[in-house]
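Have a look at this one before I ask anything.
Per-chain residue numbering starts at 1, and chain names A, B, C and D are given in the order in which the chains are listed.
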Amino acid sequence: MSKSIDQVFLNAKQWLLSWLTGLPTWMVQVVSSLINIFALLAVFLTLFALISVLERKILARMQNRYGPNRVGPFGLFQPIADGIKMLIKEDIVPMRADKIVHFLAPILIAAVAILTLGVIPYGRNMTPFTIDGGILFFFAVGSTTELAVFMAGWGSNNKYSMLGAMRAIAQMISYELPLIISVLPVVMVVGSLAPDRIVAAQAEYTFGLVPRWFVFTPWGAAAFMLFFVSGLVESNRTPFDVPEGESEIVAGHMTEYSGFKYATFFMAEYIGMFAISGLGITLFLGGWHAPLRALEFVPSYAWFFAKLSVLLFVYIWIRGTLPRTRIDQIMNFAWKFMLPMAFTCIIAAAVWHYAGRGLRGWLWSLFVIAIVYAALSMLLDTRRKFAPRVYRFAE
Amino acid sequence: MNSWVLTCLWLIPAAPFAASLIILSLSKARRKSAVALAIIGEVLALALSILAFMPTLQATGFRAVQNFNWFTFGEHTLRLGFLLDPLAAAMLVMIALVGLCIFVFSVGYMADDKNFTRFFAYLSFFSGAMLGLVIANSLLLLFIFWELVGLASYLLIGFWIEKPSAAAAAKKAFITTRIGDMGFFLGMLWLYDCSGTLLFYDSGNGCLESAGLAMLGASATFIALLIFCGAVGKSGQFPLHVWLPDAMEGPTPVSALIHAATMVAAGVFLVARVYPLFSVDAINGVTPSLTVVVWIGVTTALMAALIAIAQEDIKRILAYSTVSQLGLMMVSLGVGGVAAGIMHLLAHGFFKALLFLGAGSVIHGCHGEQDIRKMGGLRRLMPVTFMTYAIGMLALSGVPFSFSGGWTKEEILHATAQWPKSQAPYYLLLAGVVLTALYMTRQMIYVFFGNGRSASERAHESPRVMTMPLIVLALCTIFFSVVLTSAWPWLHGYLTGEPVHIEITRLVQPMLFVSLALVSAGVVIGVWMYRKAGVQDRDRPAEIDPLEYAQPGVFEFLANKMWIDDLYDHTVIAFSWMAARLSDWMDRYFWDGLVRGFGGVGQLFGILTASVDERGINAGVDETTAGARGLGRLMSGAHSGQIQTYLGAVAIGMLALLLLYAWLA
Amino acid sequence: MNSAAFIVTAIFTVAAALAAATLRNLMHAALSFAAAFVGIAALFFLLGAEFVGLALVFIYIGAVAVLVVFTILLTRRDVGKDRGFNWGGATVAVAVFACLTWSILKTQSLAIGAPHIATLTVKRIGAALMTTYVWPLQCVGILLTAALIGALILVMEERR
Amino acid sequence: MTPTLQVFLIISATLFSIGLLAVLSRRHAIFILIGIEIMLAAANLNFIAFWRFGPQPQPPTGVMIALFSIAIAAAEAAVGLAMVIAVYRHYHTTNVDQLDQLRG
């Protein structure tokens, strides 16, 4: 019973494909892919609509106000109203803009964001795009975002857009390193770049109780934190939303976009957030596995989306809590703290592996991480670094 | 038990060395980290030393040797090694313990110095080198550490480099000891030539073992004397003692650590270490080389004690006292009382460090004043310093019962009295004992008794971090005497490997009364002479020393260090200056003229050839070059500086190759 | 191997490369350059070298293309001016193309289909990199480090 | 019809010639770099194609060489672009025609 519920979507797809028997294989393949793409888009666009209103409501809760509550029950139809508004708004293209680039940028950015969703396993046997180097695919395609952001900034022919794009690229490139390097320990330990294999490696339970998710190892916990922070940066979320800091540079690279193109950017950002959270779940939080063996009867995709909602809530929570950081702080943090810590995670994972993956390895890798963490915090003298900035250039 | 320490002896000097390196890499502002590192390094060294000390207690005549190959050249292999025996172990513990006290003391003493971190780096460096020196099992390794110690001493004497006197003193110390080291080096080479090894102990093949000694023969005396030159330089023995008093220009903790307790004792240690070399072919315990050691020691001991009487600088008095005590140790070694000498060395390390630190505390309290005539009455203002200083003074003067210095001095006197060759050293040393008590009494009276004078009016007791090491060292001085008494000479037995039993009756010996009487005589004379020191007395002004008033000639002679420095100035230094002038003149006029002459000849020849060249050969060459230049101009047209042209040419070339290949195929 | 996909990819790649080589607008050319590399990566995918294709995308789109556009940005004062076109160079290029094509077509032994092949997994590539090719890998690492430092030194502001 | 090795080689040759075109005929230094990158990619395509169409099974030598060549090309691009910037700073131009200090 639970098995059939678990595989219900796959069975549905098989049933749909069974109508096509007799057609050439390549056509069946195309249709299968189309079904995957359609399902993916449907789920995540709904999720996007949902999260956009939920975020506003949660933020409002945190700020002691109501938030949207006029359209539909509890304001749940707010995204539909927003969507209609965006669609019928005038699409303004600046006269001196580079029109082709200006037009292509939102498309590219959205396409890239959606492509990255493809390699994440959402449930048992539910990876839309099964590929051997899935993690590499994720990052390779994800790195195209930088180019898209640059296109938006350049194409708008506006100094705010350009500055925003520069900031975005600077911080994205800086954090791409810790992001990727914090993934490496997992890849090393599992010995594969395939998301499915990584999820499978986290299937067991220690003493039948504690799941063997990588986040429960010292290196995994540290790497997950690094990954999460880098993910915040990559998706331009608070407290790293310098590229679109309203109070400084209007809306960064999105300044000159309006109407549906702006909505596309907005959507791409959220989808990027889903993708990076999904990858985090896959890599560190056990993918679609249940946290307890007893709870395995619940369908796998339910677990995935439960974890995803927790992570998304944390994103929103952080947005409601933390102020924006300065660009120089962001950069310092990336190169002086995140990168060395990420490298330490690799070493700690190796230590964990060679000390037998047991309690001894656990303690040793904890020791390695603690030592480096303490040394780094002493060397960086954080209290001094985050003191008010002495402006040398702006006078 | 503890066997890993025996195989890892190198760890002991490595700990302070590592601390030093890390401190040097820190920035100046990291004072706390520097101190913490230095003290951790020293504590580690102390802990390891104690661990290494443990096994030596278990067997008499214990000796652990660990040799290794350093490098191989041709068929020879240079081997170095580490050695642990009672001598080394006792030295290790003493050095590390005294060093630790002095490190702690320096935290307070140097608190206001701007080069605080550098100071600790140097101190740690010194400490590491000294510990390494003690455990070296090769004359070469010992020499290496010996020179490192010298370097550290140089750096620390000249620590306040902005003071010209400090820089000069550092230079003087370095050069003077280098003269001795020259002898040491020559001795080492000679020894290597004779015995083919520099290892002390190498399971029967070492240069200090019977097989090695047998190879030396008659040259042993000369080798021993050459090595003794090094000891003379390092330990400030006559005639190379002149640098040690000047070395007091360095910070007081440095004086305490290097120029009182440890480094200067290295000379004594060296002689003790290579003692078998000195006693080759000994008749009744007497050899020519040992006789030289005795007489140099006696001269130094007496001379320095005399000079000390007429000095005004509190540290200089202690420096001359150190020189004198080192002389005493040398005598002890020379007359065959090796254990007695080393015991005195260990005891001296504690109480002289105590005295120096006390002096440092006094100087600190008096805001940098070092002239004892300007002090006075500090007994009430600095009680802790006074008490500990008094303990040190009693130990140095040789008061027996519970003060370590007394017992060891007594042993030395005992050994000297039994020297078969002559009784003169014995009586001269007795005079030295009186003098020691005298100058220490003088100093005590000037500094701590009487009324406050100009520098001591605003004096204050030093902070806890400075008094604690004083108390620790004072306690060490007292408790150390437990193992030294003639009733239970445990340390003597430990060093010599002889069995020891307790015998209370031996506590009372004739020598005890002799020494007690002499010390009391010295103290009484001192009290009587200086009872009115620093006070207007009849027609003597307050600032004039009673001795100077009574015997101006003698006092002047002594106050000017017996004119030995001036003697050197007018002989050795003047001579080398003359030689330098001569060489300069030779270089400037004679050799230069010669070179100029040759140059002139060459020039003439050049003029001659030039004309031939220009008229005859050039004409032909000119034509050739003109042709070449034209060709070059033609070719350089293709050299357009345009990358794309070049690349295009490459592409065309590739094309041509391809076509050629296709055509051939 | 899917011929339809191949034809589309090949046309796309060649078109993008041609645009990259000939477009007047520097920025457009740089973006076409990125597009051309997407096409080349797709060709690699078709050839079964997925890892290389992903690496190509990762390195060229994520790094080199961004570098190129940044360089264009930093040398912007120079962008607007007319560059002119060197027809001599174009002739040489066309000649090279003609010659290469002629020789490829002439060589009959090259007209072979793809044999069946075991999938080239990332694991196999990793194993090869860590065993047979470990020295080249280290050398490339050193080279990249040197290039990184060299590039930094080249663009560092001169202190006055 | 499935593509043969010849087709891939012709694609590769086309890309190479396009790269050569960019290198030889454009005046802007960045174009030269772009052209070189395209040429290198064409060479990589050749390596991969020969590996794919070569006799099987065989070690993935072609793939390896392509990987290394990509790494080297990346290094070359980084240094080359840095040089463009340095040159621009010094001469205020990126036109390679004007950079002829080495003319004989």
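Following the convention adopted for this analysis, a contact is a pair of C-beta atoms (placed from the backbone, for glycine too) under 8 Å apart; a residue touches a chain by one contact, two chains touch by 3 or more.
Source: prediction; values computed, not measured.
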Q) Which two chains does the highest number of contacting C-beta pairs join? A) C-D
Q.
So the centre of each chain is just the mean of its C-alpha atoms; given that, what is the distance between subunit B and subunit C in Å?
A. 68
Q: Go ahead and note the Å separation of the Cα centroids belonging to subunit C and subunit D.
A: 6
(Q) Using mean CA coordinates as chain centres, what's the gap between subunit A and subunit C in Å? (A) 28
Q. Which residues of subunit D are in contact with two or more other chains?
A. 20, 23-25
Q | Junction residues of subunit B, two or more chains touched | A | 644, 648, 651
Q.
Where in subunit A do residues touch at least two different other chains?
A. none
**Q.** All touching chain pairs, where touch follows the definition stated at the start
**A.** A-C, B-C, B-D, C-D
Q) Which subunit B residues qualify as touching subunit D in the complex? A) 632, 635-644, 647-648, 651
Q.
For a test of understanding, state which residues of subunit B touch subunit C in their complex under the given definition.
A. 644, 648, 651-652, 654-655, 658-659, 662
Q: Please give the residue numbers of subunit C that touch subunit D in the complex, ascending.
A: 1, 3, 6, 10, 13-14, 17-18, 20-22, 26, 29-30, 33, 36-37, 40, 43-44, 47-49, 51-52, 55-56, 59-60, 63-64, 67-68, 70-72, 74-75, 77-78, 81, 83-90, 92-94, 96-97, 100-101, 104-105, 110-118, 120, 124-125, 128-129, 132-133, 136-137, 140, 143-144, 146-148, 150-152, 154-155
Q. In the complex of these two chains, what residues of subunit A are touching subunit C?
A. 26, 98, 100-101, 104, 131-133, 136-137, 139-141, 143-144, 146-147, 150-151, 154, 169, 173, 176, 191-194
Q.
Considering only the defined contacts, which subunit C positions touch subunit B in the complex?
A. 86, 88-89, 92-93, 95-96, 99-100, 102-103, 106
